[in-house]
Structures are given as C-alpha cells and as structure tokens.
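One chain, subunit A, links the two complexes that follow: it is found with subunit B in the first and with subunit C in the second.
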Partner chain A sequence: MLHDSVAKRRSLKALAAELSAIAFLVPFLVPFLVFYVWPVVKGGWMSLHVWGVAGKQRFVGLDNYAKILRDDNFYANLWHSFYFVLIFVPLVIVFGLVLALLVNRKMPMRALFRSVYFLPYVLSVSIVCFIWMRMLDSGSGLVNSILAAFGLPGANWLTDPDWAWWSIAITTVWWTVGFVMVLFLAGLQEIPVEFYEAANIDGANSYQRFRHITLPGLSGVMRVQIFYQVIASLKLFGQVHIMTQGGPGDTTNTFVRYIYLTGFKKDLFGLASAQSLLFCLIMLIITAAQYRFMNKRED
Partner chain B sequence: MKKAVVNLSAIGFALLFLLPLVWMIVVSLKPDGVSATNVRDWVDFSDLTLDNYRKIFNSSGILKWMLNSFLIGTITTVISLLISSLGAFAFSQKRFRTKVVLYVFVASGLLIPVEALLIPLYDTVLHLQLLDNMWGIILPGLTNPLGIMLLKQFMDGIPQNYVEAARLDGCRDFRLWRSVFVPLTSSAMVSVGIFYFILSWNNFIWPYIAITSEEHMVLAAALPTFLSNNTLLVNNIMAASAIAAIPAMAVFIVLQKNIVQGVAMTGIKG
Partner chain C sequence: MKPGKWLQTTMVLTLAAVMLLAGCGSNSNEEGSGGTTTSAAETAETNSGPVEITYWNLFGGGEGDFADQIVKNFNDSQSEIVVKALRLESNEYYAKLGTALASGKGPDVAIAHVDKIAPFVKANQLAALDEPAAKAGFDYADVTDSNAQSVVYDGKHYAVPIDTHFHMLYYNKDLLDKAGLLTADGLPNLGDVSPEGFKNFLTELKNKLPDIEPFAVNVPYFHEPFYNLYYEAGGDLLNADNTQAAINNDKALQVLNFYLDLFDSKLSDVNDKTPWQTFHDGKAALWFGGVWEAGWHFGEQNLNVGAMPLPPIFGSEQHWGSSHTLVVPAYVDPAKQEAALKFAKYYILEGGKIWGQAGHVPAGKAVVSSDEYKNLPYRKYFIEAQKTVKFAPKTDKYNAIDTSIQEVLQNIVFKKVTPQEGLGIMEKEINDILAN
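What follows is the complex of A and B.
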C-alpha cells in the first residue's frame, strides 16, 4: 500500500519534471516539427506519387526513383556539383589560410586588412553575382580590360564552358574566403606561443614552424572547415542560377538547380521530391563519412 | 626585405578585394554606356551623375525590399534567440528522461538543408496559406538548431553556485532562466544573433521561391527578378547593387568587431 503510493508519487514527480522541461522546448519544437520534420516526412510520401503544384495525382511506388536512375541529367548534374567541390574547396581553404597567416602577423593596420578581406561576405549572393557578371563581361567587363592593358588575351568567362566554372569559383572565393580566414584566425590564437618560442630556440626556420606547429595546430579548424565547405558547395544554387542559368548549355547546372527546375519549372513535384531525397542521402553519406574520419583522426 | 614583400602582398590582396566594390560605385556614378574600364574614365569627374540612382529608386521597390529583408531578419533573429535560449536552458539545466533522445532529435535539424526540402516545404507553406507572406519566410527560418546547441554550451559553463543561490532566493525555473541565464549568456546571444541575422539577410533560394509579389519581395531575391524583367544598362545595375550593398557594408564597418567575433564563435563551435 505504502510502497504503491510512494512509487506513484515518484512517477508523478518524474512526469512533472518531464513536462516542465519539455515546456521550455515547445516554442522551438513547434516550428521545428511543422517546417522541418513534417516536410521531411511529406517529401518521402510525395516522392512515391505523381504530384503537381495542384496536388496528388496518383501513386506510382518507386517509379520516380527508377526514372531518376535512368536519367542522364541526374548523373551529369550530380557530377557538376561535385566538380565544383573539387575546384572550389581547395581554393577557398588555401587562400583563406594564406589570408589568415598574413593578418596574424604584426603589421600596421592589421584590423583594417582583416575587415577588407571579410567585407564581401556581408553582401547577399545576388549583389555579388551582379558585380562579377559585369566584371567578367566579355565586352565591357573590367577583367578583360585589365588583361588587355597587359597585352593578354581576354576570355568569354561566363559563356565559355572551359571558364564558366572557374568564374563561378572565383566569384564565390571573393565572396566567402573572409569567413574561412576568420575561422583560421581564431584557430591560430589557440596555438600556444610557447610552441613557437621553443621552436625558435631549436633553430627551426619559418617553413618548419609552419609545417610542424601551425598546420597541426589548425587541424581541428581545418577539418571542420573542409567539411563545412564541401556541404556548402554541394548546395550551390544562387551563383549558377543568376550568373550562368546553368549554362553554357548545361555545363554549370548543379544538383539543387536540377531539383528546382524539375519541381518549379516542370511542375513535377513527385519526381523532384525523389531527387531531393537522393540528394539528402548523398549528403548524409558524406556527413557520416566525415564524422568517422574526424573521430578516427582524433584517437 | 622579406617582410616588405609580405606586407606588399597583403596590400595587393586588399586592393584586389576592394576593386570590384570601387568599380561598382564608379560605374554607378557614370552616365549610360560608360563602363569605366580605362584609367581615363576613372579620373574623369566631369561626367559624374546620380541619374542611375534616381532611375532605380523611381522604377523599383528597392527601399521596400530592403525594409522587408530587415524586418524578416530582425523578427527571425529575435524569435530564434528567445526560443533557442529557452530550449538551451532545458537541455543544460533540467533533468528529464527524454533529454538525450530529444537532443539528438533537435540536432538532426543540422543534417538536411533547406535546399533538399524545397518541394515539401513549399507544399507545407502553401497549405498554411503563407506563400507570398513574410511569415512564410520567418517561420521556416526558426528551425535552425545551432542556436540551442551553442547556447547550451555556454549555459553549461555557468557555475552551479549561481544557480543554487538563485534557487535559495526562491527562483523557479522561468525566473532562473530570465534573471540568471539570459543576462549571463548575453554576449553569446549577440554572437548567435548576428549569425542568424546574416543567414536570414542572405537567404536566397527560399524567398526566391516562396515570395511572388513585388511588394513582399526581399532584397536578395528581388534583384535578379527585377533586373531580368527590365532592360537595364550596366550603370543602372551597378546603382541597384550599390544601393543594396552600401547599408550592409556600413553596418559591417560599425559593428565589425562583434560581427567577426560572432562569425568566429558560431563557425568554430558549429
């Protein structure tokens, strides 16, 4: 009898603790459930149907997925997204590190330099794209004019398939490299000064200091950054949509733009949902792979 | 000697970074057709004009779009901070059985980006009749769990004797949150808030899809649509870009220390 009521009171108390904790989470959980969890579930459901902007038309099971796997554009656009990762990520990481090392030294007006390098990051993607579309314009652009002033040939930066990706990569580097620099700078502050002092006593030169102290000291930030940039590059949409419309031809069409066109231009919501789910799957595989890689290296 | 070379390269990079922005402003101040690609145009001040700016202000809702972006960014940031701080308090200070499960559930919000949810999110927002509405942008912006995760880390670092002292004074949970945890995490909240605001201000793909009327447009999404619907010359386009860029750059110059710190903090922990 006595035991029962104690147990009951205890479980009531636990329930009360549970509810009072969850009460603090409800304001976050409501939008989270409606605008994140529900769309994930709904997306899965939609991917099994022929679905238009007007609504559900019919159930087709896994047909949408079969259709995607037979679609050459799927592989082409997926490859384009990965190609951008391959050219952009090394570029932004190396340049970000160079800038961080530059402004990490004692130099006059250090803060000013740091701010200048970071400045483009506060602009929105459309402004960045407009500026660079004009900069890279083959007729009235500044880039070709500067090249001409040095007697160098210009190029059709945005309409030549050989240059279009590089143009987008350079634009994106200009826009976001300041962000990478700031994170490397923060990482550099964490490296104990004593390490460098000890290395100086041992007579290490600047390359050795960089190779054996700075680089290992930044490995944590480096891994987080590479991971972040890979994911961000896979999501590329704005720059290609505004600057090249996926062109010339289809050469700069990314996976996200492929989903966008399927859904919103061709009104094939079911098929686009299936594409989105495959996209999620690819991102999850990358996340899992990187997560394992990061943990392994820390052991 | 070596030092001079390195300093010079720092200056060279700085000029390279500024060049596109300066060029944008120079071109925006030139009459139609002058694209300022030679030195003569740069030093010729006789033909400077504000016509391009006048034309953009008169023919577009650019100020309205900026105001919309600002409003959406501010509301998203304020609500996000509030709900993230409350949630972080529960994860950091409360003891409850479903804590780990819920934390993993909330953190899973980082896994799938909005780019992969465009279609079902559009469907959801359509059914809630929030398309072409400010709240159709704000509400999906509240699902980012990074705020909760970061603020939890900061709350974990608050000494327990503060909490005990407040409890002895008879503070219940909500007052404890409001009068101890909010003030003590305020600098972290500024960083997280800056991060949320930049995220919202630069959000492109979702407003581009979800907003259709000119009066509800936000700046980032409105400009490409506006420019593709009108035949504008380089000079007009640069004026529009400058109008949009200058406030953002001005805010950055004033708040640069906070912004850089905020970005560093959220970027490293996140």
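What follows is the complex of A and C.
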C-alpha cells in the first residue's frame, strides 16, 4: 500500500516536471509552429497546385517539381548561389581572422578599432547596398575616381559580368566581416597565454606560433564560422536584388531571387513553393554533409 | 575597457542589432500595418462619426507630395468621409495588395495599375463599381473614353482610372543648341525620322559634343524603351485573343538590334544604372522619360529641358502606356464602397488638377480640357501623345509574361543570348505561361 502511493506520488511529480518543462517551451513552440512549421506544411500543399493571386486553381501533383527540374534557369541560378559561396566564404573568413588578429594586439585605441570594424554589421542590407552602389558607380563613383587619380582605368563594377560578383562579394565582406571578427576574437581569448609563453621559450617565431597554437586553438570557432557563412551566403538575396537586379543579364541571379521572381513578380505561387522546398532540401543536405564532415575531423 | 567586458558589450550590441533588424524585417513583411488601420476605421464607424476609409497607394518621391495634397484637400472639402492614406513601398506593393485582397483584410480603396487588375477581377476580389458609382453620383462619362474602357470586364467597370502615363522624348535644349541641332522653335532637329536617321542624329551629336551621352537609354528597365519602339513598329506581345505569344518576329528583332547598335557605337551607355539621373544632371542630350518626371525636370532651375511625343522612329506613333486606377476590394461594405466612390469622383473632378501637375495626364475630361491644365508646360504634347498609347494586353497572366520578357531582355542587352535566341526563349516562356 505504502509502496504504491509513493510510486504514484513519484509519477505525479514526474508528470508535473514534464508539464512545467512544456510550459517553459511554449513561448518558443507556439511561434515556431505558427510561423515556421505551418508555413512549411502549407508551402508543401501549395507546391502540389497551380496557385495564383486568387489562390488555389487546380491540383497538379508533382508537375511543378518536374517543371523546375526541366528549367535551365533552375540549374543556372543554383550554380550562381554556390559560386557566391565559393568566392565569398574564404574571403570573409580570411579577412575576419586577419582583423581579429590585428585588434587582439595591444595597441592604442583598440576598442575604437574593434567598434569601427564591427559597425557596418548593424546597418540594414539596403543601406549597405546603396552606399556601395554609389561608390561603385561606373560614371562618378568613388572607386573609379580614385583609380583615375592614379591613372588606372576604371571598371563597370556592377554591369560587367567579370566584376559584378566581386562587387557583391566585397560589399558583403565589408558588411559582415565585423561579426566574423568578433567570434574569432572570442576564440583568441580562449587560447591560454601560457602556450605562447612556452613557445617563446622554445624559440618559436611568430609564424610558427600562429600555425601551431593560434590556428589549432581556433579550430572550433572556425568550424562554426564556416558552417554559418556557407548557409548565410547560400541564402544571398538582398545585395543582388538591390545592387544588380540579378544582372548583368542573369549573371548574379541567385536561387532565392529566382524564387522571389517566380512568386512575387510572376504570381506563380505554387511553382515558387516547390522551388522553395527544393531549395530547403538542398540546404538540408549541405548542412548534414557539413556536419558529418566536421564531426569526423574532430574525432 | 577590459577585453572581456568589451566582448560582452559587443555581444549585447550584436544581439540588439539582430533584434532590431528582425523587427524591421517582420514589420515590412507582415500585413500588420494594414490590419490595424482597418480596425481603427471600423471603430470610427461604430461611433457614427464620419465614414473613415483606408486608402493604399504606392506613390513615392515627387508624385507622392501631389497625391498627399489631393487626399488632404478631399478631407478638408467635406465632413462625412475621412480618407486615411497609407503609402506602401512600391516594389512590394502588389505582393501586399494581393495578400490583402486574398485574406479579406486591408484597404477600402487602393491604387492599382490598369495592367495589374485582371487577375484580381478574375478572382472576384474587386467590387464592380457601376452601382456604388451611381449612388455616389459619379459618372464614367466624365472619364476619358479610352481610360474608362480599359477597366471594363464583362461589361462592368472594376476601377476608376485616374490618369494615363507613358513616355515622352525629353531633350536638353542647351546641349542641342550647342551642337547646332535645335530648330528655331526649340525642337530637336531630328531630320529623317527613321532608325538610320535617328542614329545619324545621335552620331552628329556625339561628334559635336564628345563628352555628352547623346541618348540615355533606360537599361535597368529595358522593357520600357523596348516596348515603346516595338509598339511603334506595329508589334504586339500576344496574338489577338491573348492565347499565344506574338513577340518572336522581325519587328522585335530590328528594335533589339537597333538598341544594341546604339550601345556598341557608344551613342548610349549600357552600363548606366541611373540614366534618368544622367539626363537630369545634364550629361545626356535625349531621354525617353515618363510623364511623371515632368515636374522634376521642368522644376530644375539649371536644366533647360523640352518634351515632345516619342518620334515615330519605327513607323507608327503607338507607344507603351499604363494608367493608375482606384479599385475597391470586394470585401468592403456598401457604405464604404459608396464613400470610396465619392473619393474617386473627387479625384477625377478636382484632384486631377493637382495630379496633372505631377505629370500624369489626368483621366477627367473636364480637367484635361481646362485652360489651367493646358497652360502647364508642354501639356499640349502630353495630350497629343496620350491619344496613341497602347495598354498591356488584358490577361490575368500579364505579370508573369511581363516579368519573363524583362528577364530575357536583360540577357539580350548584356549579350548572354543573341536577340534571335532571346526572342525564341521569350516565345517559349510566354506560351508556357499561357498554357497553364
């Protein structure tokens, strides 16, 4: 009898604990379900239909997906998104690391430098883009003016297919490198000073200290940063939409802009939903692959 | 500051920034703003005060001031209706209006371009206006016939057109004068009006004024200059019953080759991302600009500009045109529909006088024929040019078709495909859209 009631009390207690855990999760779960899970489910449903301004028109099964896979633009724009990852991620990681190393040194006005490098990150994408559009203007832009002052030929930064991607990449580096720097800085401060002292005693030069202490010490942060930057740059939209409108031609038309055009400019919401889900799937595969790859290296 | 503390501060700052940005994002993506104004309007009505109607529009920049003035004047002119104007960002306007119409929550009256209303009409999301118009004492006979006709579907009016807008040939008189290419009447001395003649004119300009761009072309929105000359050549986007693409033909090819030739001969700058500004700054001699730029160019002290209808370079005087209209969503109750139509009536009869100053040709017959309007600079040419505009084909697929054409045109201009290939792609894409 006694034993029974204790067990009962215990299970009640466990239930209460469960319930309170759920109660604590509700503030997260409700918005997550309403604003994330439900739109995805609805998007999946829409992707099986012809869906226009007026809503559902007719059921077409997997036709939308078949149509996308037959569309040359799908492959072209997907490649553009990956191309940006290839040129941007190494750039922002290297610059972020260099900046972090610089502002980690003891120097006057260190806090000022740190803040200045970080500042662009707080701007919104449209402001950043307009600043750089002005600077990269082929006629009277600052960049071409400076080049001209040195007797160098300018370029059509935003309308020349050879330069457009680099212009977008440089703009994005300027905008986001501060965030990368801050994370590296945090990583640098985790590395025990004793390691460097010991290396000094052993007579290691600065390159050797960097190669054998700093870099390995940052490997954890580095992995997170690459992971995050790959995902963020695959989702590139604002910069190309504002600065080049996907141009010249469709040179900088990324996958997300392709979805945007299909949905919001052409009113083909069913097709756009299918594109979004395919893109989501591709991102999941990449994320999983990255995750596997990184965990393996850690072992 | 200690390093640790500094890091903490930065992290807090980052977090604040991220939250701020997220806030902005959701603000501009959600329908929140529209929803709240509507509920505000509803509470006002139950108080049996004046009828409050919410009015969405997309007028920014120079024309926005004129649009605001009209709303203010209307509100001041009577006491039974209060119009609450909400200006939305023009790029996202139709995404928002579409969502509002589909969800049944949003404006009581809204601006829509004439070429955008077909899908909404087809979806039964817009109110037919003949009945509320009669109640509000508004007569479609007061509207220019071509405008009134443009909003008729199945014999019923679904909008109140407030204007027609299109492009004019703007020319910099000082530059043309310097090059000796201005006639005694102050018009460009175009000579032979043909593709070759026009190119010769530009070449002469270039020779006389080597630092000036002879003809600024709207490359970022290249479909506009393309439509203008393609319509001049007698071309159509679709066949007569809007079931097939009609764009892959010699006329389109000639127009495209004409523009590409101008770019190649440096008579126009393909790399200019703000050609309207180039012209406004006096760095280009000619420009096909919208009538809505009239107030801006004519108002600039340092700029001596004239405007004339687009010369019939490719034969006819047909050219691209569109029109702003006022629409009333189907979910709006009859009382507010009537109020909305009273506002529309005011826009046609009175507001047009102010609207005409912005540059658009007002749709009200009385306003356009008034001396007040005709005395505005170059408006007699505007009225002339308005007679030969060609509106977009009346199909609910127009958005998709127009977007496809825009994308392919960019690839043609920047030589990722040849004009021939590009027209083939357009034809295929348009036929795919129409078959769906």
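Methods note: the second predicted complex is superposed on the first by the 280 of 299 C-alpha atoms of A that agree within 3 Å, B and C clash if a C-alpha of one lies under 4 Å from a C-alpha of the other, contacts with A are read in each partner's own complex, and residues count from 1 in each chain.
Here, contacts are C-beta pairs under 8 Å (C-beta built on N, C-alpha and C of every residue); 3 or more make two chains touch, one makes a residue touch a chain.
Bear in mind the structure is a predicted one, so any value in this text is a computation, not a measurement.
*Asks:* Touching A:L25 in the superposition: subunit B (first), subunit C (second), both, neither?
*Replies:* So A:L25 only meets subunit B here.
*Asks:* Output check: A:V221 vs subunit B and subunit C. Expected answer is one of first, second, both, neither. What do you get?
*Replies:* first
*Asks:* Could you figure out whether subunit B or subunit C reaches more residues of subunit A?
*Replies:* B
*Asks:* Which holds for A:T251: it touches subunit B only (first), subunit C only (second), both, or neither?
*Replies:* second
*Asks:* Between subunit B and subunit C, whom does A:Y117 touch in the aligned arrangement: first, second, both, or neither?
*Replies:* First partner only.
*Asks:* Looking at A:L99, would you say it contacts subunit B, subunit C, both, or neither? Reply first, second, both or neither.
*Replies:* The answer is first: A:L99 touches subunit B but not subunit C.
*Asks:* Figure out whether A:W132 sits in contact with subunit B (first) or subunit C (second), or with both, or with neither.
*Replies:* first
*Asks:* Quick one: classify A:V182 as touching subunit B (first), subunit C (second), both or neither.
*Replies:* In the superposed model, A:V182 contacts both subunit B and subunit C.
*Asks:* Could you tell me if A:N156 is touching subunit B, subunit C, both of them or neither one (first, second, both, neither)?
*Replies:* Only subunit C is touched by A:N156; subunit B is not.
*Asks:* Jot down the residues of subunit A that show up as touching in both complexes, subunit B in one and subunit C in the other.
*Replies:* Common to the two interfaces on subunit A: residues 111, 114-115, 118, 121-122, 124, 137, 179, 182, 185-186, 264.
*Asks:* Note which residues of subunit B are touching subunit A in the complex, please.
*Replies:* 6-7, 9-10, 13-14, 17-21, 23-24, 27, 35-38, 82-84, 86-87, 89-91, 94-99, 102, 106, 109, 111-113, 115-125, 128, 139-140, 142-143, 145, 148, 173, 177, 198, 201-202, 204-205, 209, 219-221, 223-224, 227, 234, 237-238, 240-241, 244-245, 248-249, 251-253, 256, 259-260, 263-265, 267-268
*Asks:* Sort out for me which residues of subunit C touch subunit A in the complex.
*Replies:* Contact set of subunit C toward subunit A: 1, 3-4, 6-7, 10-11, 13-14, 17, 20-21, 24, 92, 94-95, 98, 101-102, 119-120, 122-125, 219-220, 270-274, 278, 283, 396, 399-400, 403-404, 407, 410-411, 413-417, 433, 436.
*Asks:* Spell out the residues on subunit A that touch subunit C in their complex, using ranges where they run on.
*Replies:* 50, 52-55, 111, 114-115, 118, 121-122, 124, 133, 137-139, 156, 158-161, 179, 182, 185-186, 189, 245-251, 261, 264-268
*Asks:* Within the complex, which stretch of subunit A touches subunit B?
*Replies:* Residues of subunit A touching subunit B: 14, 17-18, 20-22, 24-25, 27-29, 31-32, 34-36, 38-40, 42-43, 46, 99, 102-103, 105, 107, 111, 113-127, 129-132, 134-135, 137, 140-142, 145, 149, 174, 179, 182-183, 185-187, 221, 224, 228, 231, 235, 237-238, 241-242, 256, 259-260, 263-264, 269, 272-273, 276-277, 279-280, 283-284, 287.
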